[in-house]
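Okay, so chain A shows up in both of these, paired with chain B first and chain C after.
What follows is the complex of A and B.
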């Protein structure tokens, strides 16, 4: 999928500014702080809204042809649920038939339920499900019809650690032979799931690459030191502290610095989150 | 079942519909709606049962039901439209091909299904109550139509509007907007500002008509001829309102189709053209749908605003209002009348008349009928229509028999229920050109209309042919379907909520909504047949047999001058009851009203009401006490005496007492002579206390006084 010079304004606010990204097979992460333009881009990719300018195409099909594009996309939006009065199975059956699965919908629904591990709740009403179960149902509906592109917007937000781990595994499985676009502001999700990553900041693409490439870009910019409480406070005024742990009355800190710091510190192996913060700060 | 399941599974649209149905039936909302509707229906049915006489009034005053249904429709529509948004699945569904569109369409169908359920349950409930109450047959279909026009079409229209608002507004402001819109569209506006805004006859009413979906007059009564207000314009207006909203919703459903800009442009053009068309159509077509209670002013206003219209022509005319017309330079010999109805009544009247040497002929014709064409012997002639007069200029015409053809169209005044397919055209009303008398009607109060004696003095052959689809009753003899002929001073035509029955040789045409009328009408006819020869013999000096064998009973607020409400023509009778009548009223018209109908003349206009009632009440008491009238349904003279005493009118009280003595103790022949001479004074307009005393001195009981 090629996104070329896509821009979108909400009144005077520029949500996306000439975004250029190319997505291939695998899981692609869109990382950025709140308001970076991730959800806007997701909604444009899923044809929920239209871009003001720029083009998008996938395998030669332009986004102008919405009906065709929609046949290729499975979408789990940031806020998702279904009609509370319907059961899990009924909801998925509903979506399957709406997606044009006139034959074989039953098997597809069963597979989707199994893939998200919702067999026990298959005949429960949506209103009775927990938040995590609803998100899993969201994934199940997104994969129905075997779409070429799966778009998931903040899928792990609000989930407990166990559900989050389960979700990451699920997303990794989905990325085999498909294009999965994952939008999140949780760096761990990206690091554990994504093959490629695009960082968005204020509607602009900051960088695109593999998590490893992005981490390596911050090489020599991340430092670690053991400091007293007072020094830690002073350091925080000058540098971007990315991690701090209390250790023997003082602090073990990691921080971002383009130059060699004045305090006693040694270069550290950059983490993805630190690379992201360094890139954003830059 | 399996086959049905397969069919259902094949189509995304049907799937949408099924899921919507499932959602509807599983939700608690449906139970609440059903319960609320049940309570509403029970309340309404109780209102119908409790109405003593006119069941239809329960419907015409059911604005509260309409207002509730408008609120409900709008809320249900908005809830349906915002369901995906509230369920957090809108974006998911938009991203599936065509689903957004299907969802909107399936919800429209859900709304339609609810509407049909409302129609069926309300019609069945109402029919059940009608059966229980023994309501006349005419109520059934018309009430069903009323329910569709005033209850369920506002429900579905407001539902679609609610759907539209629910689609485009996602903030809580929608609740405020829905309440305001419901109030504006509903019947509360005419109730609140009716007399100010709607009586103006200006464009405000016509534009208001373009969007209102409730009753035009939430306080209105059901009228005997007019029935419910179910004009074609209202149905068309509902259709247009419904179409406009469907158009808007279809447009909204294409919002995520990607062809929006092109469609938007096309739709805006279409919308602009449609709105222009609707406005033009609306202002041209709805103007006569004024509220009944405000239309009564029209007649008064016309004569007040156009005083010259009568005066100019009466000055030129050979006879003045109320005068004898023997001076006219023509004599009407025959009428041939053709009537078509549509949005107006279209009439072609061909008059054979003997014209004496004159270069212009003046007829009287109600100003509500606009003359389109005049010709004499097949040659078009110039004419001038001013007020209730029409002048045909015809220079160089030789004396002799000529054929005058007039084509005109219009509607009678509100007092005769003007409407496109329901009307009353009584013989006394100048709906055909009659011998010229000037102003043909008067509207002395807002409600009551008075005829100005426009009946031709001479009976002539009349033929009437009606070319419409409605059932028309005519006072002339039935010759063929919708063709009548006769020899009369005028013809009466009734078209509307009327029914008929035969009683002996007589035919009664009566308001179909009042089943109690037929029994009382027979009593009335028997009594009037009995008293008519006596009254004519005693007061007119010539014993006449009642020949009228058609009796038209109407609740029109229509009077001859000085409150006469019974019209006896040579071939038919018109009995005008009042809106609040009961069946017995017509029985009582066989006394005093019959006397008045037989002997009243324009001279009475100059006489005070007390002395008219002294004559009428006195004569009825005299008849009764002399054994000439067997029914004690008259007002005794003692009541007039009491009234006079209470108001301090001692002179009148004295005179009344003298007349009563004469009735109680006097000679029958003297009494008859007294009332005959009294009548002569009334007709001459010269009656006063002195003259009455003179009569009492001649015919009264001297030994008693």
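What follows is the complex of A and C.
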């Protein structure tokens, strides 16, 4: 899937500015702070809204042909709700009808339920499910009809640690043989799930690469030091501190610095979060 | 057909208790009409019949918008229905198709209440047919208005308020938007012409089609209006 020079304005606010990204098979992460343009890009990819300029195509099919594209796409939006009075199975059958599935939809619904491990809750009402289960149901509706592209927007937000880990595993499984686009501002999600990563900042693409490549870009820019409380305060005034731990009355800090710092510090192996911070502050 | 029935079933099940509102109103109004007619003094049946007609047309057609507003409010109002706008089914099918399905159910309800009104001698068969047709086309109009309002306002309360304003204008406003026709027709049955009735039906159906078309257009643009 190729996104070429896509721009989108909301009034005078430029939400996306000539975005160019190519997505292949596997899980592709979109990382950026709130307001970076991730959700806008997701909505354009899923045909909920249209770009002001630029083109998108997948296997030669242009996004102008919405009907064809919609057959190829499954989408789990950031806020997802379903009919609360219906059971899991009923709601997915309802969606199968809305997706225009005419044949084999009963089997497809059962497969979707199985793929997200909701068999035991298949005949429970949605109103009785936990938040994590509703998100899993969201994935089930996205994969219904076996789409080639699955788009998930902030899927782990608000989930407990166990459900989050389960969700990451699920996303990894979905990425086999399909294109999964995952939008998030949680760096841990990206690191554990994504094959590729695009960082968005203020509507622009900052960088695209594998998490390893992006981490290596910040090599030599991340430092660690043991400092006193006062030095730590002073350091925070002109350096970006990415981590600090209280240790023996002082602080073990990690910080971003393009140059060799004045204080006694040693270069550290960059974490993805630090590389991200360094890239967007650059 | 099977698809519409399934969608209808899921929509109605999701509505829960609010699903019964049009049924309660329709049967309630019909029962009250029967009560008024049966309690009218001898020789005043004709006047009681006009009261019953007014009751029917003032209260039954407006509730035909209820199910439509309740079914579409999720798409128009709720935040979590974004995925709907990416589904492959045509908006024509989910918009006009579902609207017409709800209207068909309402028309069935109207047909059902005509049976006791006729069997109890309140409406002669030819009057019952006219009342049924008038209430049906008025229900089409109110249903279309409900469809338009929920997509236009994207707010359930505002949509119901707009329907209530139109209904109130008919009852108290002396503005012959819709309903005066029926009482006039019933009073002046001797002068009623078939062509006049047909013109009335065509007029109301025409307005309903225009309103539905506008609603459909808003439904096409709903994703962009809501999220764009």
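Basically, the second predicted complex is superposed on the first by the 282 of 282 C-alpha atoms of A that agree within 3 Å, B and C clash if a C-alpha of one lies under 4 Å from a C-alpha of the other, contacts with A are read in each partner's own complex, and residues count from 1 in each chain.
Basically, contacts are C-beta pairs under 8 Å (C-beta built on N, C-alpha and C of every residue); 3 or more make two chains touch, one makes a residue touch a chain.
Note that the coordinates shown come from a computational prediction; the quantities given were computed from them, not determined experimentally.
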So, after the overlay on chain A, do chain B and chain C clash or fit? They clash
### Query
With the two structures laid over each other on chain A, which partner does A:83 touch: chain B (first), chain C (second), both, or neither?
both
Discussion item. Is A:242 touching anything from chain B or chain C once the two structures are fitted on A? First, second, both or neither.
Written reply: neither
| What is the contact status of A:51 with respect to chain B (first) and chain C (second): first, second, both, or neither? | neither
Exercise for the section: Would you sort A:64 into first (chain B), second (chain C), both or neither based on which partner it touches? Expected result: first
* To do: Give one of first, second, both or neither to describe whether A:208 is in contact with chain B, with chain C, with both, or with none.
  => neither
Scan A:105 for contacts with chain B and chain C and give back first, second, both or neither. first
Stretch of chain B hitting chain C after superposition, from 135-143, 333-341, 603-611 or 621-629, is 135-143
Dual-contact residues of chain A (chain B, chain C) 43, 46-48, 50, 67, 70-71, 73, 75-77, 79-86, 90, 94-95, 97-100, 138, 141
Listed in rising order, chain A residues that touch chain B in their complex are 43, 46-48, 50, 64-67, 70-71, 73, 75-77, 79-86, 90, 94-95, 97-100, 102, 105, 138, 141
The residues of chain A that touch chain C in their complex are 10, 43, 46-50, 67, 70-71, 73-77, 79-86, 90-91, 93-95, 97-100, 138, 141-142, 145
Touching chain A in the complex, chain B uses residues 9-10, 12, 15-16, 19, 22-23, 26-27, 83, 87-89, 91-99, 102, 256-258
The answer for chain C against chain A in the complex is residues 3, 6-7, 10, 13-16, 74, 78-90, 94, 223-224, 227-228
